[in-house]
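Have a look at these structures, which come just after this line.
What follows is chain A paired twice: with chain B in the first complex and chain C in the second.
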Partner chain A sequence: MVSVLKRAIAIAFILIIGYWIASALSHVPFGADKMLVGNYYLQHVENQTGAINAVTAIVVNYRGFDTLGEVTVLFIASTGVAALLWERKRKRTARTEGTIVLTTGTRLLFPFILLFGSYIFIHGHLTPGGGFPGGATIATGFLLMYLAFTTYRIPHRGFEVSEGLAGMGYVIVGLIGLAVGGYFLFDWIWQTWKIGTVGNLVSGGFIPVIYTLIAIKVGTELSGIVDNMLREGSS
Partner chain B sequence: MIHPYPSASGWVADFIIAVMIGVAIFAVEWRDLLGAVVGMAAVSLFASILFYFLQAPDVAMTEAAIGAALSGAVFIFALKRTVRYETEEEEKPGWWLRW
Partner chain C sequence: MISAYYFGSIALIMIGLYTVLVKKNLLKILVGLSIMETGVNLLLISIGYISGRSAPILSEGVGPNQAVDPIPQALVLTAIVIGVATTAMALSVAILLYKKYGTLNIEEIRRLRG
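Then we have the complex of A and B:
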């Protein structure tokens, strides 16, 4: 009896909330109208940031502080995985070797996956992409290596060092902006030095720099999560 | 009004959405957790196709890499450390009544 009442109340709540959301969304035409701040970004993005790709300009330049928080969240998540699964002596315990199709295909594809990931983050200010997709693509390359070879391991010492250095580099770029322009994550490369022309590879201010750092950080962190999940304790 | 899927004919997107809903229900319902993980990865893969139709190739790349590949792999590694099949408990009601 109680559960029936609870169920009826829950269904009523779902219907009310659904009606609210539907009535709110019915007035928004899909993809037709841009908000004021969106128009502002699209008109001023090339002049203010030097980037063609408005998405990465907003993510790194206008909303750079949020992206720093996002990178911090990912760092805390990967640290949590490492802390939960930490044991002193761990090694990989894969039982079956990968088939010849998998190993040969991985040997062929691995450098190209790394190349494609690097392309995505290096050209983040010109073409769709950026540090997060590039780093994730690089991490899938390392995942493929783990699946194909039973004894493969990432060089985790170097990965940890480069992860920490990349995270520090992001903050240092922001602090240089604080020293040069007066606020944290000020785009000193584009606003003060005016390096590069819009549309070339060398442009976009600190967007390529920061996205390279983010890609190194995301790639090493996600590979580290895979490494932590695949090693098991000896006991 | 602009059509929601500018670069794809409408029925392809509708078909993909229908497949996504079906696979999502399977992912919740299957007792074989390995199959459920594959269903979850398939939802992400079809979602990445939809993102590509919506002219967001960067989101599509991220969804394919993280949603389909990495999170599926992490779930499979977790299954390797635990058990593969859901335990057969008392008879639960189906997904349309479960809380």
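Then we have the complex of A and C:
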């Protein structure tokens, strides 16, 4: 039973906060050109990175170090979920097998979901998307497998190894940049070799390479989180 | 007078905050946190919008002067991933709490210990 007083206090509180945010935003005109750094990125993105998608160019190239930290946060979260839910004997607790519609549909759709996820992350420098949505799409495929088959488990060892190798590959790409160009995560593929033409699949410097690594890492980590949440202790 | 897009995202933030403050069920509080996060993401994206311009993917017909600000979008891309990670962490803590206390009501959990 929630008391009326508590609700009233909460409503007054959120109204104050809402008014405060709104009054701050009243000085920020909607739809006006407020770009400062963004304009520089838009003008130079094709020349400096070889990508035409400015968002992924910023995420991977201009602010690649930030993205390395983001991948680390995701890794810590997946490790934390595994550590919190760890028990010695665990098994799937789902009792009911999926219906024939679900199992047949999953068998049919699973390779195509993986294919679509791969399409998203390989074309990250050309179309909306990139490594994070692509990896999440791949993890969705594994989630579907878990829902359809009660005995299904992801290959744990292989997933952990590929996750670690992908994370290491990101750092190695950055270290090659340090050796070639003088700073960490220097885009050696585009700035030194100029591989590919702008707008084609083979372009964008190391953005497709890093996004492939990120997608492998995100896909395996999110599948691991799903696996950890769907298995419970025997107690 | 603020724009309708700003108003909508502020409303989402306020709905999420109300859920966090008033609800007793831990899962509902987590849903409220997710709603708040969606509101913040929408607010950032709508601040970066420029009238009449297209998505920041430079192709035929979309030059550097016809694209919206790409930086808030890159920021929100990061924020979504971090949001997923924190939600997964919070949900696993909720699973542990339910195993230990047999309830997700935060008042009962608070009464049981300390």
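Keep this in mind: the second predicted complex is superposed on the first by the 212 of 235 C-alpha atoms of A that agree within 3 Å, B and C clash if a C-alpha of one lies under 4 Å from a C-alpha of the other, contacts with A are read in each partner's own complex, and residues count from 1 in each chain.
Quick note on the criterion: a contact is a pair of C-beta atoms (placed from the backbone, for glycine too) under 8 Å apart; a residue touches a chain by one contact, two chains touch by 3 or more.
These figures come from a predicted structure and were not determined experimentally.
Once the two complexes are overlaid on the shared chain, A:M229 sits against chain B and chain C alike.
In the superposed model, A:G80 makes contact with chain C only, not with chain B.
Touch criterion met: A:A22 reaches chain C, while chain B stays clear of it. Shared-chain residue A:G130: touches chain B and chain C both. Once the two complexes are laid over each other on the shared chain, residue contacts for A:V37 go to chain C alone; chain B is not touched.
The larger set of touched chain A residues comes from C, when the choice is between chain B and chain C. Of the two partner chains placed by superposition, A:V171 touches none, neither chain B nor chain C.
In the superposition on chain A, A:V55 makes contact with both chain B and chain C. When the two complexes are laid over each other on chain A, chain A has residues 7, 10, 30-32, 55, 128, 130, 132, 136, 222, 225, 229 in contact with both chain B and chain C.
Contact residues of chain A toward chain B in the complex are 7, 10, 29-32, 55, 120, 128-130, 132-133, 136-137, 139-140, 143, 147, 222, 225-226, 229-230, 232. Residues 1-3, 5-7, 10-11, 13-14, 17-18, 21-22, 24, 43, 46-51, 55-59, 64-65, 67, 69-71, 73-74, 77-78, 80-82, 84-86, 88-89, 91-93, 95-96, 99 of chain C are the ones touching chain A in the complex.
Chain A contributes residues 2, 6-7, 10-11, 13-15, 17-18, 21-22, 25-26, 28, 30-35, 37-39, 41-43, 45-46, 52-55, 58-59, 63, 66-67, 70, 73-74, 76-78, 80-81, 84-85, 126-128, 130, 132, 136, 199, 218, 222, 225, 228-229, 233 to its touches with chain C in the complex.
Within the complex formed with chain A, the chain B residues making contact are 1-2, 4, 56-58, 61-62, 65-66, 69-70, 73-74, 77-78, 81, 99.
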